[in-house]
Amino acid sequence: MMSAILPDLGKYAMPVLASYGSGLILLIGLVCVSVWQGRKAKAALDAVESKDQSDA
Amino acid sequence: MKALLLRDLRLAFRAGGGFGLGLAFFLIVVMLVAFAVGPQAELLSRIAPGVLWIGALLACLLSLDRLLALDFEDGSLDLLATAPLPLEAALSVKALAHWITTGLPLVVVAPALGVLLNLPPQGFAWITIALLVGTPALSVIGTFGAAITVGIKRGGLLLSLLVLPLYVPTLIFGAEVARRGAQGMDVSTPLLMLAGITFGVLACMPFASAAVLRVNLR
Amino acid sequence: MKALLLRDLRLAFRAGGGFGLGLAFFLIVVMLVAFAVGPQAELLSRIAPGVLWIGALLACLLSLDRLLALDFEDGSLDLLATAPLPLEAALSVKALAHWITTGLPLVVVAPALGVLLNLPPQGFAWITIALLVGTPALSVIGTFGAAITVGIKRGGLLLSLLVLPLYVPTLIFGAEVARRGAQGMDVSTPLLMLAGITFGVLACMPFASAAVLRVNLR
Amino acid sequence: MTLTVTDLTIARGGLPVLAGLSFAVSKGQALILRGPNGAGKTTLLRTIAGLQEPIGGAISGAEDQIAYAAHADGLKAMLSVRENLEFWAEVFGQDGVDAAIKTFNLTELGDRLAGTLSAGQKRRLGLARLLVTGRPIWVLDEPTVSLDVASVALFADAVRGHLATGGMALIATHIDLGLEDAQVFDVGPFAATMDTPRGASDEAFL
Amino acid sequence: MTLTVTDLTIARGGLPVLAGLSFAVSKGQALILRGPNGAGKTTLLRTIAGLQEPIGGAISGAEDQIAYAAHADGLKAMLSVRENLEFWAEVFGQDGVDAAIKTFNLTELGDRLAGTLSAGQKRRLGLARLLVTGRPIWVLDEPTVSLDVASVALFADAVRGHLATGGMALIATHIDLGLEDAQVFDVGPFAATMDTPRGASDEAFL
Amino acid sequence: MSLWKYANPVKFLHLSERVLPTLWVLSIACVATGLVWGFFFTPDDFRQGSTVKIIYLHVPSALMAINAWFMMLLASLIWLVRRHHVSALAAKAAAPVGVVMTVIALVTGALWGQPMWGTWWAWDPRLTSFLILFLFYLGYMALWAAIEDPDSAADLTSVLCLVGSVFAVLSRYAVNFWNQGLHQGTSIPVATGERSVADVFFVPLVIAMIGFGLLFLALVFYRTGTEIRLRRTKALLAREART
């Protein structure tokens, strides 16, 4: 079933799949963490700015 | 107790708290050994278990001087000693926090560093197990050393001197487990010894630590 | 300048000043390696030059956090910065004092520890020479690391992380000199490189150190 | 409940500094310790707080009753003002962090890291810690160092409040705190002389 | 020779704290800085001592003229009182260690290690250091912390002596020093407001 | 109006809001194309077998790991000379991206090394200096994290970045100084136009490299925005507390 989608990697299946697996996980992880941090920072800033507004 | 544990963990993760530095130091020691010994794969793989243990031990050691000295300097220890919390418990909690922030991460990355040193594949599991069993002893013994040297400004080196001899049994059996494991030999005897040391130390050391700390606060 | 040098030396020799601890640490590291690797004479003698270098390097490293941090905490650095003495000179003097109290003793005892590790006889001279040429660089680079981390409480581990990569070239060439020497091979190329690094570092680093220290005193 | 000190002799650095001290503090009372620099006030307070042993005499009523505050405030630079107080409140099993913050006028600084406070602000935080200990006896060593006049008044109010609820206070200080009905105890006359050997460790060699 | 500060703006932790400060101190004069906790006195003194840069305005006449003394005394616990002073005397190329010891009544403590002094004794030693710098401008941050009344008087005498020989002094303090003819400068009114942006680093983000 | 106007944090935020969507789409498209093409539609190498496929991850990530450091160096110099806050924050924001690239290059390199060289790791000059660069990344981030005052942190990390550049240069050019290493020499010498990598492998590789470059840019822009917001939050809070 899998072999229908995956190309035949021969005896090197392990290193190739592991590389792509770990590489993609790291990349996606980095993007997700960045976006998560970005969202959090934005929310914090918005909270402070709106408080500022209501003060003024 | 929980408050103290949480505070210590929180401080460790805050800026300047030093979490992760132990790991980096571990990596560096491993690298340095490789540089110093020269890049001969077969030689490296023979000394790999020992080097990993030494790296873990030194990383642990270097983070010890933060364990109590910071609290001593800013007066927190005086206040903790007058708080409704037995000093033994407080020190055990601090040792636990130290292990979580230092020992545990070392256990987790040790196999990855094994790769750098050409550790034979069957050794990975055993170095992890050996460290997992042995590192709690390092933290608890280290707390004792930290308590003894707490009054000395920047007593890091003296601390090393006092603590390292106490680390020797753990090191010997721990490295033996890892070495035998890597060579596919039976590990049960040294592993039992290692576990025995850890339990013994966990049971007795906090009392000794509290006693010497009381003397130092005087 | 002389006053500062004398004061630093005097403090090092007073109780708690840490003189001799570096030596003891050196000894312990060498012993630990022997324990961790196991008592195989031939294996030990192959890794001996590298182990001696690592021991020296770590002993140097561990004493670095006393170099400036103590003076920073008690306010002496603020006062020194407002004193009629260029900060560059003050830092060089402090590095010199550090070398005299830490590096030099290491150089002297290294051959004795070589015996413990089965270092081949022709290696004794070379390990001494290599350390003599290399350790001043360790002190000066270390001063830079100490200046960068001076504001951080108990920044010992961070200091290691920043300084050790910078030690790598010294270590590689220093260990190469010692190893080749021990095997009776020609040492001139690595020795020249080692001397080059030391002189380069002696000439440039104090300025970098003073610059970062000024930032930290701000 | 009374804190009673009877014929106390205390030593510092191997030599006795004060000898023959006796006094008592009872509910709602404050005792101000006075004496020149080096007289032994700090040593006395540390002894009463249980951090060191007296070499003679007795202290009663102090056990687990004491909140001690010295020069070092025990603040963590990397925790916020509120987090610092919350930690101590939890250790002593109390709440009242908000009240403490209000009392010492730290409301605006609540989320600042303790490391970024000025000298006087740090001190206020150190004193606020006393309120979250719930302990009846306050043992304070020069509590008003670095405080401006307004803050000293805040502190005096806090002490008065503490006394009014049946607390006690033992305060070493060089300045006038404005606590009207506090007794004053001068330690000067009790300075240990050559002939008060009471077992401090160096004396075996004299 | 005058220390002149013109339209100075100083920042701490990325935000301006004081703005538009101008004053001058000339030979034989003392200026007492006052202001509530957190006003910015410490920051001002550090700026004048050259330890941090102002973000606006100018300071003239301070270069290499200043002896600075802050909360931390820069004492080495493992050197004796005399050795501590001798070190600083040599750094500044001066002598007069004995005179300094006498002025601050440290004669009996001369051979004690600085680490074994009480809080007030340490402070006296820290102040004695000023006398061996030979510098004309003393910049002092709360110099009398922990001092008893007699020692405060000693200190005031030392300052008077320094002024009498043509020195100057700039002192931040919360208490009354008893220096009769010193000017007082209250930094309170100069607190930076929202609309004094002068380039402190956080302002780029406001 | 010059380029420097974007050194104003607020202007920078506006700019990045405008370019970021395009950047994200482009970069993800390129990365996906390069990797999918490389993984599914390239033949095996006659010598290396299917392991050549690792090249599409290894080379772009190693390339960007080093380029990221050079970008940080540039930003640090701008900070030291002109003291533009945005550039200091951009350097700070780039470091985590650089480390991840470094880790990917290390991991994929090791996985590739096992079948090709018979070992996960060798202490050859390029690998060694690359590992030291990794340590400098760690030290750089740790230093940022450890120092509270943002200006001091920017100054100190800038100096560190300058010093660490030695190893960035070495990990790229070490192969030219020492030729005893195991590791491949340059396979795509742009200058000579001569290629040691066949065209079938080359096109997807270039797409992947462009993709990684764009992804780096997008991430740095985005993360710099995050840093600016954090800084602004802190500044506003500090002002509130002060007044």
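By letter and in written order, the chains are A, B, C, D, E and F; residue numbering begins at 1 in each of them.
Everything that follows uses one rule, which is that a residue touches a chain if its C-beta (ideal position, glycine included) is under 8 Å from a C-beta of that chain, and two chains touch if they have at least 3 such contacts.
Because the structure is a prediction, the values reported are computed rather than measured.
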Any chain that touches chain F and chain E: C, D
Intersection of contact partners for chain C and chain E: F
Same-residue or different-residue interface between chain D and chain E, half as cut-off: same
Chain pair showing more contacts of the two, C-F and D-F: C-F
Taking each chain's C-alpha mean as its centre, the one farthest from chain B: E
Euclidean distance of C-alpha centroids - chain A vs chain E, Å: 54
Between chain C and chain A, distance of the C-alpha-averaged centres to the nearest whole Å: 42
Gap in Å, rounded to a whole number, between the CA centres of chain D and chain B: 37
Distance between chain centroids, defined by C-alpha means - chain D, chain E (Å): 28
Overlap residues in chain A, where contacts from two or more other chains coincide: none
Multi-chain contact residues (two or more partners), chain E: 13, 71, 77
Per-residue multi-chain contacts in chain F, two or more chains: 132, 135, 138-139, 142, 146-149, 232, 236-238, 240
All pairs of touching chains, each written as two labels joined by a dash: A-F, B-C, B-D, B-F, C-E, C-F, D-E, D-F, E-F
Interface residues, chain F side, partner chain A - complex: 31, 35, 39-40, 44, 49-51, 53-54, 57-58, 61, 96-97, 100, 103-104, 107-108, 111-112, 114-115, 215, 219, 222-223, 225-227, 229-230, 232-233, 236-237, 240
Contacting residues of chain F [partner chain D, same complex]: 148, 237-238, 240-241
Parts of chain E lying in touch with chain D, wherever the complex brings them together: 13, 35-39, 42, 71, 116-121, 123-124, 142, 145-151, 174-175
Contact set on chain B toward chain F in their complex: 15-16, 20-21, 24, 27-28, 31, 34-35, 38-39, 41, 115-116, 118
Contacting residues of chain B [partner chain D, same complex]: 2-4, 7, 10-11, 14-17, 71, 73-76, 78-85, 217-218
